Structures are given as C-alpha cells and as structure tokens.
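For clarity, chains are labelled A, B, C, D, E and F in written order, and residue numbers in each chain start from 1.
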Amino acid sequence: MSQPISQFPVPEVADLPEDIRERILTVQDKAGFVPNVFWALAHRPDEFRAFFAYHDALMEKDSGLTKGEREMIVVATSGINQCQYCVVAHGAILRIREANPLIADQLASNYRKADITARQRAMLDFAVKISTAAHTVEAADREPLYAHGFSDDDIWDIGAISAFFGLSNRMANLTAMRPNDEFYLMGRLAPEDKG
Amino acid sequence: MSQPISQFPVPEVADLPEDIRERILTVQDKAGFVPNVFWALAHRPDEFRAFFAYHDALMEKDSGLTKGEREMIVVATSGINQCQYCVVAHGAILRIREANPLIADQLASNYRKADITARQRAMLDFAVKISTAAHTVEAADREPLYAHGFSDDDIWDIGAISAFFGLSNRMANLTAMRPNDEFYLMGRLAPEDKG
Amino acid sequence: MSQPISQFPVPEVADLPEDIRERILTVQDKAGFVPNVFWALAHRPDEFRAFFAYHDALMEKDSGLTKGEREMIVVATSGINQCQYCVVAHGAILRIREANPLIADQLASNYRKADITARQRAMLDFAVKISTAAHTVEAADREPLYAHGFSDDDIWDIGAISAFFGLSNRMANLTAMRPNDEFYLMGRLAPEDKG
Amino acid sequence: MSQPISQFPVPEVADLPEDIRERILTVQDKAGFVPNVFWALAHRPDEFRAFFAYHDALMEKDSGLTKGEREMIVVATSGINQCQYCVVAHGAILRIREANPLIADQLASNYRKADITARQRAMLDFAVKISTAAHTVEAADREPLYAHGFSDDDIWDIGAISAFFGLSNRMANLTAMRPNDEFYLMGRLAPEDKG
Amino acid sequence: MSQPISQFPVPEVADLPEDIRERILTVQDKAGFVPNVFWALAHRPDEFRAFFAYHDALMEKDSGLTKGEREMIVVATSGINQCQYCVVAHGAILRIREANPLIADQLASNYRKADITARQRAMLDFAVKISTAAHTVEAADREPLYAHGFSDDDIWDIGAISAFFGLSNRMANLTAMRPNDEFYLMGRLAPEDKG
Amino acid sequence: MSQPISQFPVPEVADLPEDIRERILTVQDKAGFVPNVFWALAHRPDEFRAFFAYHDALMEKDSGLTKGEREMIVVATSGINQCQYCVVAHGAILRIREANPLIADQLASNYRKADITARQRAMLDFAVKISTAAHTVEAADREPLYAHGFSDDDIWDIGAISAFFGLSNRMANLTAMRPNDEFYLMGRLAPEDKG
C-alpha cells in the first residue's frame, strides 16, 4: 500500500542536468538522503531551478526571522493546507533548527496551542492570514507585528514565505509527493538518546 | 513558554474520588505515565466517568474494525478539527497499534495520501463526513462502505467514534489540554532501535 | 413518506437490559411518551448508558446556568448543526423550562435575534464558537463571559454542553433519528389554552 | 427583552399611502393580524409595492408547484440563511397549506430529513443550491428535476422563489424583523384540538 | 461557443405585453441597445414588472448615496457572488456614472484595494456583509456607517441594494444570463478617445 | 484616493542590479510601460529573479496548452482569489493572446459561464481545484482531463500554473500591488477601432 514518490515521472540520476545532479548530490551528502521534493521536481528542470532559487532566497538569507521561525511559518501554514509532504519534511527541519522535539507536531495540529512566544504567535497569525485569506489583508494587519518589533522587511518575509509554501503545498498535493521515511524521526531524539 | 496541562483547575491525586484515582493509577501502571486527559477531565468526576465509559464502549469492545482502524478515525478527524491533544496522544497509540511509525503523521496531515487500504479510505471518508458535515449524511453514503464489506454495525462504529472524538476534540480545545511530552516519541522507534 | 425512528435497528422492549428498560419506563411515566433518542441509542446498551450519564452530569446537576439556559445552548448549537432531532426535542424542553412558547424557534433559526439577555447572548456566542470553531477558542474568549458574571466553572459548563450536543447532533444525523410527533406542540400552549 | 418589530422606523396606519393601507387592512381581515413584514417594509412605500408584487407573481399564480411546495422552498432556504422572520412566518403558512403540523420544523432544521417525496427533495436540492451557490448552477443541475417531471417553467419557479426569498431573508436580517407572536402556534393544532 | 442570452425561452418583441415592449424600446433609445436582462426576464411579465419597479425604487430615487455609489455596491457584491452578468453590465454603468474607467474592475476583483474613499469603503463593508452573512448583522454594524455620516435611511439603502442584487445575481446565474457585448467597452474610453 | 504601486518600498531604476534593470527595460520596450509587478518585486532582487524564472518556465515554454489557455488559468484562479493585480494585468494579456475582448471579464467573474470549449472548461475545473482545495486532488481528478486529450505533462502545467499564480496572488495582496492604468483598456479594441 505504500505510495510512490510522485504521481508524475521521476527521472533517473543519470538523466539529470549537471547542475541539478550536483544539487541533489550535495543535499544527499549533507542530509544523508535525498528529500523527495528534489526527485519530484526534477521532472521539470527549469521549474526545479526556479523553485529552489526562490526557496533559498527566502529561507537561507539573513533575516529578522531566525531560520527556526521561518520553518514555523512553513509548518503552521502547511498543516492548515493539509500538505503531508511539507508538514513531515519541514517538521523535521523545524525540530532540528529549534532543538525542540515537540514544536513541529504542536504547530502542525494547532499553532494557537504551541509553546511559542507572543511575538511568534503574531508572526503566525499574519502568515496564516496570507495563506488562507490574503485578499483581506490590509495595512492594519501589520500593527500587531510592529508592536512585537517586526520591521516592514520582516513582514515581507513572513508573507512571502507563507505565499511560497502555498505554492509548494499545491505542488506537493498535485504530485502526491511522498515524504521520505527518514523525516519522521529526525530531531525527535535528544543527543543522549542517539548516542 | 510551555503551556499548562489545562486552563481549568487540575485536582491533586489526594483529592480524587476513589474510582477515579484507581483508573488513573491503572493507566499509569500500564503506560508509565498519566495522559493529561485524565488530569484535565478529573476536574469533573461525573463527566470523567461518562467520558471514559463512552470511550471504552467504542474503543475497547469487539468490533468489525480493528483497534488500529479505530485509532485511524480518531487521528484523521482530530487533524481536521485541529485538536492538538488528540492528534498527538492518539497518534502515539495508533503507531503502536499498527506497529507503523509513519501512519499517524500521514493521517493527521492529509488522510487522502496515507498508506492505507481502499477499505480504510472509505471508512475515513465516512468518518470525516460525520465529523465535518453530519447534516448531509444519508443512506446513500453507506453504499461505498457496504462495497468494502462493512456491516451496519461497523458503520455505526465509524460514525460513533467520529462523533465521540468530535466531543473530545472540543473539550481538549476548550481546556487547551496539553499533550504529555511522552506521546511525541512513542511508537516511532523499531524494537531494535529501542533495545 | 414518514421516516422511521432510526436507520439502524431499534430493539424491542422485551430485549432491553433491565437498567435500560427501567430508564425508558421512567421517562415514559414522566413525559407520557418515550423520546426516540432512547429507542435509537438502546441499540447499543453501553453507549446508551454512557450517553445518558454524560447528559445527566451536564444537564441535571446544580450549575451557575439555569436548566433553561442549558437548553438554550442545546437549541442554538443544534440549529447551526442542522440537527432536526435535537432542535425539535430540546426545543420542546426549552419552551417548558422557560415557560416561553417563542424562545425555541427564535434560537433555532437565529440566536442573535432572540428575546434573551445580554448575559445569555454572551453565553451563546461562546457555545457556538465551541461548536463551530473550537480550535480558535482561547483564554481571551472568556473575557466577555467574566464581564457578565460567569465563573470558570460556568464556562466549562457552557463549553461542555456545546461539545456534548455536538456529539448528540452527529449521532442523530448518523442514525437519521426522528423526533417524536409529541415534541412539536409541547410548551406552545399557555395553561389556559390547554385547559 | 422583547425585540421591536424593526430596527428602522415603522409608520403609523394614518400615515400610510392609501393602497398600502388597503393591502394591510385586507391581510388583517384575512389573517386576523398584520404580519410584521407589512409594517417593516411600509417604511418604504415603493419598495413595499414592488416586494409584494414580486411575491404575488411567484407565490399566488398558477404553477406546476403547489402552494405548499412553494412554501417548502421558502422554509428550507430561510432556515439555511438563518432568517428568523421567514422561518417562523412561512413555517406557519406551510403548516396550514400542507395541513401538516410537523413539516415546517422538519424543513427549517434539516430538509434532508423531512417527510417529503423524492420529487420535493429534488426541488429543494435545487432551491438550496440557488440560495447558497448560484454561481455553480448549470444546465446539468436540471436533469434530476426533469427526471421527476418538472418542466423548465417549474424550474424557473423553484429558482426564482429561492432567489426572491434570499432578498427577503436579507431584508429581514437587515431590519431585524420580528415575527408576530401569532405565527408560532398557527397550523399546529388539528381541527379537533381547536374546536 | 458563444452562449445564448438565457437558458430559458426569450420572447419575441411582437409577443411582449404593451408596457414591457414600451420599457424595452425606451431603454433601447437611451442606451442604443437592449440589455439582455430585459429579454431574459420578459419571459415572465409579472416578475419583470416587479423586478424593475424594485430596481427603480432603489436605484433611481433621491438618496444619500450618489448613483455612482449605488452602482459600487452592485459591482462589489456581484463580484463576490460571481455573477457575470451583473459585474459586466453594472460595471459599465458604474464607469459612466463615476467617469472612471478603472473603478469597476477594481471593485469587482477586490473592493478592499479600490480607489475609493474611507466612507465608500465602510459602505461596501456593510453591503458585503448583508450579501454574504446577513444573519450576523446587528445594530453595532451601523456604528462605522454613522461615523462616516450615513443616516439610517442611507443604511437601509445600502442593505436593500445589496439584498436586491443578491436576488438579481441569483436570477442571472439561474438563467445563465449573458451580458451584451456592448457593455464590455462602455465607459472605458475618455471623451477624446471616442471622438 | 489613488493607491501607490506597493505598500513596500519601490526601488529607483538607478539602484537596480544590472540584470533586473535590463529585464525591466526590455519589458518596457516591448509593452510600452513597466508592469508594476516588476517594480514591486524589485524590492527583493533574488526573489525577483526566481519569480520571473518560474514564470517564464511555465508561461513561455512550449506546452500542450496554448499561451492563451495558460492565461485563462491565471485569470480564472486570480478572480476566485480576489487578486486585483493579476485579474487586471493578466486579463489584458489574455485578451491580446486570444484576440477576444470579452474573455477576460467572463473568466474573472465566473469561469463556468465563459465562451470557452468543453476542453478548456475541464482545464479550468482542475486549475480551480488546485487553487482552492489542492489537498483533495487525487488521481481520479485527471480522468476528465485525459478524456479531453490532455497528457500528464499538460496536467502538470495546469496544476503548476495554478500553484504559481496562487503565490503571485498572495504576493500581490501582501503588497497591495496596483495594476497599471494601461492594462484596463488593452485588448479591448478591435484593430479597426484603434486605427
């Protein structure tokens, strides 16, 4: 009954363009496995390149949001969008970024009940509004964010990460992208448990 | 920032009625800890008794549904209802019942993409309809269930479990019931990992 | 075209367990007829016992809410959940409790336009939120209730009644439970009309 | 706590234009009281005239739908739109038209569970779709109606009655129009009860 | 692939009642063509008369709202109701009334982002609430309107125009009413462009 | 009352990175003006580059969908997402691509009533489902597309365009991106009208 990686064709490594093969090998070296999003999107090399360029522009750069906070946005909005791949894969990354084995499941199921700060809560309220009702967002929605010290550039980051993963969620649901089994346990064990 | 067990008063063990203390000690013996739902609901002994009597009548008896399948219903509907406690706690139980470390996160995020049989999928479609739009359920909704061999009594079970955990989801959200930390890792490690 | 009591089997009196037969005979003595919820749920004796134990724990005990106010919660939330049985049966009980022939139809169709106090309105706003969007309920939702003098225990009652009848609404829709004809006219006639 | 007839000004009889006063006196003669919709809309004589002309064009003319069936459409759609005035007032008319004391409460709470024919059910499915999601209605939606013998003109009637009472529901909610106390009991007593 | 005027029969001019033929000829003289709503509704002369009487009572009379503002309500609510005929036809009228070639497309797609005054924004917020959730409208919803100088009679106008075009939207979707090709370009060209 | 291009900072041409300036000058040469999306996104050069790379990968390449059909997807989904910028800007492009001055307004208001083929209708049904309920999309949703001759790669295109413009819609609503005035009239005049 186990589902395939994608409901669309998945290329062989040998058939990949050089730059994409390299990116995949790099991530494999770093993570120990290749997240299935790389395989699924490699079906379309140009879209693959744009997708990861967009991803890196938002998730890897310096920002007023920590990398962990950015993953919080991904997990909370992906939970609401019922995107299995993003919840499981980014849940793993979030646990590692925050060194917190509980936070991902808390945010994915109901971000209002998670162990987060009031500042992070305001961040997620805005991110969720962009994800689910962007047409109603107005200047006034920034006020609670300013009150917690977020700048306009931080607000762009929050909104853009939510918007980008709205795309990602839809691609994962379109392709029925399967999360790698490895993600489920990542970041759940304290160092001593793993030793 | 860690949240309390409940936003309502939680009784001391010493103050519990005898039968409730006994039930709590029994579960502690068996599970190694006391799930917070017991503490949170013990604030109301009569409701506690009725709640667990109802729970046991549905979840412990013989049925055409396996115990694992019954937990699938709980996890899938609780995910849609955004009930953090039920997703985390029953996700743990489901992993153990099915000896499958992936199934709970799959069902909680999007049951349509989980590694389940077509029969289980039909079961969950019906359970989710009872949970989210029971007023539209009609005799015709039983046809796909009959086609998979479910009896009328099985259909009652599916619907009643969905309905009961709709109550449970609302109580957990009313009280902001906090899942025990222990649940998050339960059932995620294969026997050899644990040894 | 008249619908049956339930789309599931309904037991004969002779086949009922002793305690359930007794409960049914008691209610018949008191009400003059047996509400169909007793027949429909008697198909499952253990669930029947738990259901009515839960019901009584919430609806019969002493509370900061009058018995009439508790029925207001049932009728308003059941109207929104489109539960025909609960609207008709508890509408009858509400009319009698409040000695008000208009209140049930007002609350079932739109509780915002009913002849109730501001305190009762706050109570129903909270009950409806628990019924329709419990995952969004937070500590701040209690403030309007405190302002009207409700205690934390009253708030639990409001939420728990709403949650329990959410279960009841789903069971009634699952079984297509038919309201007894007797309910429709109960409490609509002033004493002199009946004389 | 009793609500006024309307949250907008209600004219005195003496101040009414002649034709409107006459219509009001005629309805009073016939019904024994003046339904509040006449008072509330009389605040705007031109709209009053157009409203009742539209009403009569749909509800009083010959049609493939009986007058009772037309009231079924009003009650079912008004229940979904949470229009207290229309549910209560047209519920009364429906009971009388159908000589059935149960039908209005059944349809207002959940039309899928009412004692109606399959033909009437198809009629109400279409009416409800026009009321709640008219933008999705297409030629294919007429097929189930043709199958029950409805003509294109009957289908116009079903849709137009649903659309007109969508207007009526909104006017009643805008003005917080109060149903007359008299409506609640009308049509609930069999002739012998009344004698 | 071009769609017909209506999915219901459209009468010949020769078959029209005298008053309806006259109205149609008058509008043709004034506009240079006959908007299809006249043809589609002429299938039902009595409803035609009531519809246009209602329309004129709201849209042609003196009011605290300009004629352009009234068309803003029509376009904003029809956009949300996905009524193609009303968006296109009243979008044309709005452009002409306001001598603004941009305003209709702005309001039809997202009224929150249109070049309108704060007063007009408050007007549209109320109109949209009547159109989409009239059952939740209460006295408190008038406060922002009073703050912008709207009177109770203006508020009736806002609500009634929204309610009437809710009917109109549903009739247009029921009949699949086709906007005349002429509407699309009307009011888009500045006088010098047309010269 | 006219709104700014973006609620975030918009860079000066002189401050743009070379490649971005070049792209902007190229589009200006071709279109005669610079669509505001270029100015608004230039605030973030890396995201700008990824956004347009993604856009071009989907909208400029060879595909089983014509360029006009791809714009149909953009306009229909952006209308539902209430994205003013995308409806107005891509509506203009669609009119030009299809040499059809009516099609954009038809699709933006209600794609079910537009002058399109049955094949295009199936395409838009799938695109809208990806945009509004991607979590429910399954293999069975491809059947109607196969029946109209769409390949799996075409289906990816439909889904990916819908997903990408879901991102675009959210960015436009986040920034309150203003459509250029030039778009409103583009493609509305037949060649002879313009000559």
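As a convention for this text, contacts are C-beta pairs under 8 Å (C-beta built on N, C-alpha and C of every residue); 3 or more make two chains touch, one makes a residue touch a chain.
Computed from a predicted structure; not experimentally measured.
In summary, the chains found to touch both subunit A and subunit E are C, F.
The chains touching subunit A as well as subunit C are B, E.
Annotation: the C-D interface is duplicated by E-F among the options A-C, A-E or E-F, judged by over half of the residue-numbered contact pairs being identical. When the interfaces D-F and B-C are ranked by how many C-beta pairs touch across them, B-C comes first.
Shared residue numbers account for over half of those found at the interface formed by subunit A and subunit F, and the copies are therefore classed as meeting with the same residues.
Between subunit B and subunit F, the centres computed from C-alpha atoms are 44 Å apart. Centre to centre, using the average C-alpha position, subunit D and subunit E are separated by 25 Å.
Averaged Cα coordinates give subunit A a centre that lies 51 Å from the centre of subunit D.
Residues of subunit E found to touch two or more other chains are 82-83, 110, 135, 138, 173, 176. If you sketch which chains touch which, the pattern fits none of the simple shapes: not an open path, not a single ring, not a star, and not all-to-all.
In summary, the structure contains touching chain pairs A-B, A-C, A-E, A-F, B-C, B-D, B-F, C-D, C-E, D-E, D-F, E-F.
Across the interface of their complex, subunit C is touched by residues 135-136, 138 of subunit E.
Residues of subunit D touching subunit E in their complex: 7-9, 43-44, 46-47, 49-51, 53-54, 56-58, 61, 81-83, 130-131, 134-135, 137-139, 152, 156, 159-160, 162-164, 166-167, 169-171, 173-176. Subunit F makes touch with subunit D in their complex at residues 110, 112. On the subunit A side of its complex with subunit B, the touching residues are 1-3, 78-79, 82-84, 87-88, 91, 101-102, 105-106, 108-110, 113-117, 173, 176, 178, 181, 184-185, 188-189.
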